[in-house]
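Next up, some structures in structure tokens.
There are two complexes below, and they share subunit A, which is joined by subunit B in the first and by subunit C in the second.
And now, the complex of A and B:
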């Protein structure tokens, strides 16, 4: 049983690897977009302009309140009806995870920037730094220690939530696993593998986040 | 493209039932998660020798894997081991598995956040361990954990949408079945969105208020 199980995993490895690659692609691109979007969100919120704050807060509250799966359905089933365009399910997943992730990272960045002493900003302005210089060279680097640990946690949540892509038909690692189960009935083995797969992706990240949090909380 | 109000009205009873199912799954999962978390955090705080590593392992496993995999494992893989559960039972167990771990962390953090001076003062005036726990640690840890607890309750309630994947007739599953049966995609998506906004947005806003409030409420540190 054990040897046949390992054999099955070995034989299915290329197929599983293709699925895993899809999962990783969705997660990695969403993480990249969420990071960029989140920094933009945090900086824009920090500017304290009312005409920016109102739409950004609405965006935040909508992505906080409405579950990711609902957004996936809205985009996947709704976009073709409302616009006549249809986005491949892979890109639906990336778009939703990026927007949701950006709202999460964004709040972290905003909080990190807000925690800096006022004097930093004022001193930067006083020596005549432009806004990009002020944020790029003074404020963001200092806030980094506060921002990084919780942002890594958002990354693990993006990876975990990317599993929902299977529910709008992306052929990622879970779907591939289900196909193998249909052929071989080895459901325990395959779901055990999937458990391990996600755990091995997320655990190092959350452990790193915890270590950094502890190390930098005294800084 | 016209909006078929009659169809919406006709499906309304089913959707009301679906909201009921969402709330039911959410409430049961939250209650049982809290129970699991209370036991676990007692084990962690009291440093029970054999059980402590077990609880820690469980918390890590549950927090670092997706709910969907936990759910599919229980629903699709356990039958191979002779354990056959309904979609509803699988949903409750999976959500308790996940929620129990999150709430364990919350309660543990709450206990750790009680200032040491509080405990030392309690011991100094001669409180017993039980009195200390009952009158000093728990009331403060409870208040300190409140925003995080509430945030996790909302999180769990939102996660109920995932259990639509094992045919639990909550809001999303109902939406999907009607779309598959009648192709009324436009109307059903509108109903789904409206229900989710009505259900989750007020809670989410309430949480933001609660967090702001309790930020300032502190015991003598």
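And now, the complex of A and C:
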């Protein structure tokens, strides 16, 4: 049994690897976009301009209130109906996860910036820093310490939520696993593999966040 | 010759509360002006308006012959007007040297070697060269405030604004900070100083401004102001300070 189990994993390796690659690329791209978008969101909210705050609040509440799965369906099945445009399922997943992730990261960034003493901003302005210099040199680096742990938490949630992409037809690692199970009934083995896969993806992130937190608390 | 800083009928309010009420003020190059007054009289707001951290509602503000208003590029002006705050506000994630060099390198785009030489010379002058690689939290309050003064000086400003810079310090650290300011005054720096240190005000000022209720209630040379204040409000204000200084010993039972 054990040998046949290993054998099954061995012969399924290329297929699993393709699925794993899909999961990885969806997660990595979504994390990258969510980070950039989240920083932009946080900084824009921090400016305190009403004409910016209103649309950003609406965006935030839409992604808070509506499940990611509904967004996926809306974009994948709804967009072609309403606009005639259609996005490949992979990019639908990346877009929805990025927008959702950006709203989550964005609130973290906003909170981090808000928690800085007001004097930091004034001290930066008083030596003539421009707004980009003020954020890049003074405010964001200080906020980084406070926002890294909750941001990494969002990253792991993005990785785990990427499995929903299976429902709009992306053949990611869980879908591949199900296909193998349907063929071989080796559910314990395959789910064991999936457990390990997601654990190995997410655990190092949490560990890194702890290490960074410790290191920065001294510097 | 035109004044370096000139305010005319300058007013500022927070919401419906007037903070500065038609203030007229001229500060000449090289002059040391100390601003006294009870809290809430508008003295800090006055300083903050001079470098654009607050903007006025009415009246005019001129700096070096140029009018400053809502359309001004304040980044340019702020390089010429240094400001030091009550709670130092050093950048905690940067070393002393990084704090000093941020403005010269990023804002003024000066060469690293030249900016470094200036920063080190200034550190030497205030006796903190050995702290160049320390982080702010490793320094005492007095040391941090001296670094904050140097951070402003590294921009080679024409004016320095001091906003109650010793108010957050332990008494034993006040001296080391005031000495740096006195030293600057002797070097001919134009300064506007908001303080509650009366003896220091008397020693450093060319002119005392006494503010009350958003207006300059009285201005005079320090000797006249402290020995013979002209307004009742200033007399009351000074009495409160001398009351603490001359407090009688409690009678023993």
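Basically, the second predicted complex is superposed on the first by the 207 of 219 C-alpha atoms of A that agree within 3 Å, B and C clash if a C-alpha of one lies under 4 Å from a C-alpha of the other, contacts with A are read in each partner's own complex, and residues count from 1 in each chain.
Criterion: contacts are C-beta pairs under 8 Å (C-beta built on N, C-alpha and C of every residue); 3 or more make two chains touch, one makes a residue touch a chain.
This is a predicted model, so every value here is computed, not measured.
Q: Looking at the combined model built on subunit A, do subunit B and subunit C fit side by side or clash?
A: Once both complexes are aligned on subunit A, subunit B and subunit C fit side by side.
Q: Given the touch rule stated above, what does A:194 touch, subunit B (first), subunit C (second), both, or neither?
A: Once the two structures are laid over each other on A, A:194 reaches subunit B alone.
Q: Considering only the touch criterion stated at the top, classify A:70 as touching first (subunit B), second (subunit C), both, or neither.
A: first
Q: By residue count, which of the two partners contacts subunit A more extensively, subunit B or subunit C?
A: B
Q: Which holds for A:127: it touches subunit B only (first), subunit C only (second), both, or neither?
A: second
Q: Have a look at where A:85 lands relative to subunit B and subunit C in the superposition and call it first, second, both or neither.
A: So A:85 meets neither subunit B nor subunit C here.
Q: I'd like to know which partner A:61 touches here: subunit B for first, subunit C for second, both or neither.
A: In the superposed model, A:61 contacts subunit B only, not subunit C.
Q: Once both complexes sit on top of each other, what is the least C-alpha distance from subunit B to subunit C, rounded to whole angstrom?
A: Subunit B and subunit C, overlaid via chain A, are at closest 25 Å apart by C-alpha.
Q: Shared contact residues on subunit A, subunit B side and subunit C side combined as an intersection?
A: none
Q: Enumerate the contact residues on subunit B facing subunit A in the complex.
A: Subunit B reaches subunit A through residues 1, 60-61, 63-70, 72-73, 76-81, 158-159, 161-162, 164-165, 172, 175-176, 179, 185-186, 189, 192-193, 196-197, 200-201, 203-205.
Q: Can you check the complex and tell me which residues of subunit A touch subunit B?
A: 61, 64-67, 69-70, 73-74, 77-78, 81-82, 156, 160-161, 163-164, 166-167, 174, 181, 185-188, 190-192, 194-195, 198-199, 202-203, 206
Q: Provide the residue numbers of subunit C that touch subunit A in the complex, in ascending order.
A: So the residues of subunit C touching subunit A come out as 51-53, 74-76, 78-79, 82-83, 85, 87, 89-93, 102-103, 106-108, 135, 148, 151-152, 155.
Q: Per the contact definition, I'd like the list of subunit A residues that touch subunit C in the complex.
A: Those in contact with subunit C are residues 117, 119-120, 122-130, 133, 137-138, 141-142, 145, 219.
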